[in-house]
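Two complexes are shown next, each including chain A; its partner changes from chain B in the first to chain C in the second.
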Partner chain A sequence: MRKTMLSSAFIRSKLFWAIVAELLILLVGFILRPDFLSIQLRTLSDGTTVLFGTPVDIFNRASEITIIAMGMTLVIALGGTDISVGALVAVSGAIALKFLRWDVLVYTTPGDYTVKPYYLALLLPLMTCTLMGLFNGVLIGKLKLQPIIATLILMVGGRGIAQIVTNGKQFTTQYTPFKFIGNGSVLGIPVPILITLVVILAVVLFVRRTSFGMFVESVGINPNASRVSGLRSDTIIIIAYVLTGLLSGISGLIYSSRISSNDSNNAGLGYEMDAILAVVIGGTSMTGGKFSLLGTLVGSLIIRTITTLVLYFGVVSEAIMAFKALIIAVVIVLQSEPVRNAIAKQRSKRTALGGEARA
Partner chain B sequence: MPEIKTMTITPGRRMRNLLTNPKYLMVYATIGIFLLIYLFGALLYGGKGFTSVRTFMLFFSDNAYIGISAVGMTMVLITGGIDLSVAAVASLTGMIVAYGTTVLNAHPLVCIGAALLVGVGLGALMGACIQYLNVPPFITTLTGMFFARGVCSLISRESISIKHSLIDAMAGFKIYLTWPNAQGEWVKIKPVASIDLNIIAFILMIVLGAIILQKTRFGRNVYAIGGNEQSATLMGLPVARTKVLVYAFNGLCSVLAGISYMLYVKSGWNLSLQGAELDVISACVIGGVMLSGGVGYMIGTLFGVLLKATIPAIITFNGSMNSWWAKIFTSLLLLLFIIIQRAVIASSQRVKKKE
Partner chain C sequence: MDEGLTLIHPSQYNRKGDCLQDIILEMKDIEMTFPGVKALGRVDFTLRSGQIHALLGENGAGKSTLIKVLTGVHRMDAGTILFEGTPIRPTSPMDAQKQGISTVYQEVNLCPNLTVAENIFIGRQPMRKGQIDWKTINHRAHELMLRMGMDIDVTLPLAIYPIAIQQMASIARAVDINARILILDEPTSSLDENEVRNLFSVMRELKNQGMGVIFITHFLDQVYAVADQLTVLRNGRLIGEYPVREISKLELVTAMIGKDINEIYNLQKAQPQEDASIVLDAQNIGIPGKVEDISLQVKEGELVGFAGLLGSGRTETAEMLFGVTHAIRGSIAMHGEVLTLKAPLDAIRKKIAFCPEDRKRDGIVADLSVRENIALAVQATRGFLHPLPQKEQQELADKYIQLLSIMTPDADKKVGELSGGNQQKVILARWMATNPDLLILDEPTRGIDVGAKAEIQRLMLEMCKEDRSVIFISSEIDEIIRCSNRIIVMRDLAKAAEVDGSACTQADILSIIANEGTKEEVV
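And then the complex of A and B:
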């Protein structure tokens, strides 16, 4: 009895439909191209073995969005949104490349190509993005500004800052430790995937092993009641935005390392939209409250799988958006309250009828 | 039927209300800061022609597409919604007209008709999705944006220029501003300033939007929904119809904005106007429209657009500053305005508590 109730609740959950959607998309890919799901080990020219295959590629390419979306899940669960993450990705890349470049200018001889305090090239961007997240958090948590508008400030201003940091120039770097972040691999697994897994693990532990996750849901469901019952909702909101800022910084490092360059105009363009979509497809409601980090991961993978699938058919990359929109529209309509209730009602009617017949 | 007592509104009382009602304060703040920044520009670059009628007219014609779109956006924001698809729909309009006239050799009016059908249809569809399926406006219109952008790229990835006598005539239409010289003849003012179709459309749309919002039952319903949707439903107002219509009207505004932009650049490009939806939204916010719904005026939006236009103008007149500074100043301006908004709300709440 209990088991059937649990499973019907699971069927009514958005996460279930997200997983179904992802499996369906993968199945379509598999039917159209049987090698779509194959994974193999390949040895590169430099002797390292790397996992190859579309699933690995999907996970790898989804890492930038997945990492941001982890923070975004908390922000959305608190009833907010952060649309500045794309600009923060650009800022992170700009500062990292500026720093690497700066050191290269100090060590002019090509043989002496060592960036001295290399960790600073990673630390500075992360610190800046964390501070920008703090800025968002203070505006929203302390000054009670509307999240979309408060983060719009950095979304507009962030790219301007990124341009000013690099003086509008695009730098490239061949510094191997930096390129390793986006292009390297450990034990055959691409580094971005490892970073993503570490981030997911860290966020899940932080959220579920401490009471933070419960606080977030409480504030998301009813901020006033939470405040009255003694929760410091403004601190919780600030932590969520700071975390999102930091994660955007990490994502920015992966992106700029992948392209070995900074691109203040295009880095992270549209990431805020993709991250929000990933969260919503994953089953976290835009109105706040309960959230699902696993769902967000599935949502992010759905978005990337659609992109990969459409690219397979040689559709121009800009037109992918149309297909993405269509599939996402289907997922969202399936997940919408009236439709889910209708499906659940149909099922319960059928089981009720079946029960009668058996009795 | 019981007699309803009405309060007589004397001109004096109306005037006092107009000056002290906190809901108008944001509009005054926008107009005031616009005048301040304009004065600042005039003091610094008055000699270079910042104060000329020509520059002032360019504020309007260079930003007409933002302004036209902002009219629809203002209404959507007043209902408490948001529409992220406006720039993509405007870009799609340009693509449809460019592809239709240049590649398919169709008459531009037919293409514009098709674009209107697509834009208004998509708007109504999104409105229905928001109203009947309870999908948040942000997500619905984001999907709409992806769809419109994607279709743009499906039509063509390259910029298509538009060559048609009607479009040329529309783009070239100008009324030159004149004044009488010493001999009493009407001559063009110097530097030459003119009113083009974009300026006319911009002003007409603002006036139309203001009339709809202030003078019609539909407009009252829009404010009521933004104030409290549940109360509006309980009062028996046609909430569903109004919301769908607001998004459809916004679709219409996006198409008109697209036509305005097309006349400005005379081509269609799948990546044109990227990110312009945020320009439109921030113009509305600077103009005192509140994203929580229920508050906003067309006159505020008009000055929001003008205020956003003066900053790049000042930076261009300066000549030595990077155009990126425009972004940073715009974001600072946004910050200033939302803090003012916050203060106004806080003070009006304090007044309410005292009463």
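And then the complex of A and C:
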């Protein structure tokens, strides 16, 4: 009895339908091309073995969005939004590449860089993005600006800053420790996946092992009551935006490492929308309140799976965006409350067949 | 369209040429089960035209459920509803409204950012030449509000008006919709005496026009003042239907709670020690334009009542004491130490607690569980980095669920799903858990039933016995007198008088509120 009640609540949850959607999309891929789900170990020319296969690729390529979306989940649970994350990805890459560039006019060998030790070239971008997150947080938490307006400043300004940092140039790097972040693997698992897992674990622990998650939900549900109960909503809001800034920085390092370059115009382009979408598909409401980090992970994977599917089956590149939008529309409709309730009702009717004449 | 003001279209109530005492609504053998709870068991309810019928019972008695079945929010499991002789089964509140059943809910369900007039006419705006006829809307809205005794500018946003006026607007809206049945669910809980009188005259007018009015309230005096018939529910069962004139108040309360009232109201006032130390000392605190300089002292183990009309400055004073708003002038000291209150957290750290007046807006966090709601303030003082272990949180919740007899299946239930009285108890538990020296309760008994009301009063007095101090704000003067050692009477955003709680009568306080005769000025 208890078990059926639990599962019925789960069936009504958005998370359940997000998982169903993800499985359906994978199933479609599998039916069209049975090798879509295969995973294999391959040995590369340099002797390392790496996991290969579409599922690995999906998870790997979803890293940038997943990492940002973890922070975005908290921001949205607080009733806010952060549209500057894509620009912060560009800033992060620009600063890293400024120090790690291989500039033939300045340095004679690929091993020469302006900053030593190497980790400073990672620390500086992360610090900058954290400060930018703090800027967002203060505008929203202390000065009570509307989140979309406050973060619009850095959405526009961030790419400008990235241009200034690099003098509008696109640098490349051949520095292997840096390239390892986006392209390397440990025990066959691509490094971006490992970074993602560490980030998810860290955020989950931070949110659920402390009371931060409860505070975020409380402020998101009822800011007035939270204040009267003694919560400092400004501090909570600032922390959420700072965290999102830092995570955008990490995401930027992965992105620029993948392409061994910085690209102030295109790095992180549209990430804010993908991250917000991942959070919403994952079951966190844009009006704030209860959130689900696991849901966000599934949401991010759905978005990436769709992109991969579309690319895999050679949809003409002009149609990719439209095609992606179509599938997302289906997922969101499937998740909408009336549809969820209708399906749950159908199901309970079937299980209670004969027991109750009218319902 | 704007000739005169007909609250009910004549064709509505004359369509069957019914005489005034015809049955409009007959609900028979209504049954309703929620998962695990039998909410209604074979309840009957009959409403006649031209009748004001009070629906009474404690929280959880099934009043709201019965109304929600009638208005299509819930589907009944069994039973029949006959509306003017025809069986109906409303599928949604909108559907019920179309059939002629109009409802005003306890909590204002309007759009705060729209104007008063827009709120009254939203969804059924009169049109003229294909455009919304704003002139008529504003004119008619003003007339409707005037009839409620409210001469206000209806073109201003609803949010700028106090709850009382917002409530009146929602009543005006319900009344203006051509309905046969008007349901008023706790309409008076945020109204003051004058406003209640206006509402009653509107209700009587509707009754004379042949409408059937279902009136849910916790104020028994109001039942006797306005209702003709009453139905009592208890634990989802029908206890009985009585003509108001034939049942005494004592019999009524006994029917509602199933116990003798004297047993419940056997309260003893707090008895602070002669030499009790001063806990709270506020000197000349005020915010220019909002509330004038107010001084008060509260001793250990003392219960100080705050009487006065809605908007007289009671809540404003409490909010200053708790750091919700900032006193521009004056000083606040706890145990002799002067406080700087920048936010409620500062006050909580100094062992002050505050149950706010507007439970829904400032009290409960509806989507969080009972457990989280109870632990919230304690956790806030600890900071999020020092979480209360899950086990302690659970123990804390279980302790107060038992101590305050909060009716909930378990601590994980969402607070928003509990009844009003139980929500209030959860908020009380939140503050008791912080172990306060001074507890400020702003209208803690509003909108909750007799039994829960007495329980909350008893809890206040028990806290005083433990040498804690309580500031008790209420619109009901009799409960203030019943509980307080001292009473501060507020009028026009200032302190009008301070009187001894054991040596005054309701009439004394009323005359101070009304500014009659000599008053005892306090600096």
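Just so we're on the same page, the second predicted complex is superposed on the first by the 327 of 359 C-alpha atoms of A that agree within 3 Å, B and C clash if a C-alpha of one lies under 4 Å from a C-alpha of the other, contacts with A are read in each partner's own complex, and residues count from 1 in each chain.
The rule we apply is simple: a contact is a pair of C-beta atoms (placed from the backbone, for glycine too) under 8 Å apart; a residue touches a chain by one contact, two chains touch by 3 or more.
Just so it is clear, the model here is predicted, and its values are computed rather than measured.
Applying the stated clash criterion after superposition on chain A shows that chain B and chain C collide.
Looking at the superposed arrangement, the partner reaching more residues of chain A, out of chain B and chain C, is B. In the superposed model, A:217 makes contact with chain C only, not with chain B.
By the touch criterion defined above, A:303 reaches neither chain B nor chain C.
Contacts of A:191 after superposition on the shared chain: neither chain B nor chain C is touched.
Residue contacts after overlaying the shared chain place A:143 against chain B, while chain C stays out of touching range. In the superposed pair of complexes, A:329 makes contact with chain B only, with no contact to chain C. When both complexes are overlaid on chain A, the residue A:250 reaches neither chain B nor chain C. When the shared chain is aligned, chain B comes close enough to touch A:277, but chain C does not. Under the contact criterion defined above, no residue of chain A touches both chain B in one complex and chain C in the other.
Those residues of chain C that touch chain A in the complex are listed here as 35, 322, 324, 343-345, 348, 354, 356, 361-368, 372, 376-377, 379-382, 384-385, 387-388, 430. Interface residues of chain A, counted against chain B in their complex, comprise 81, 139, 143-146, 148-150, 152-157, 159-161, 163-164, 168, 273, 276-277, 280, 286-287, 316, 318-326, 328-329, 332-333, 336-339. On the side of chain A, the complex with chain C involves touching residues 5, 209-212, 214-215, 217-218, 221-222, 224-232, 236, 289-290.
Residue ranges of chain B in contact with chain A, taken from their complex: 82, 84, 129, 132-136, 138-140, 142-147, 149-154, 157, 270-271, 278, 281-282, 285, 291-292, 322, 324-328, 330-332, 334-335, 338-339, 342.
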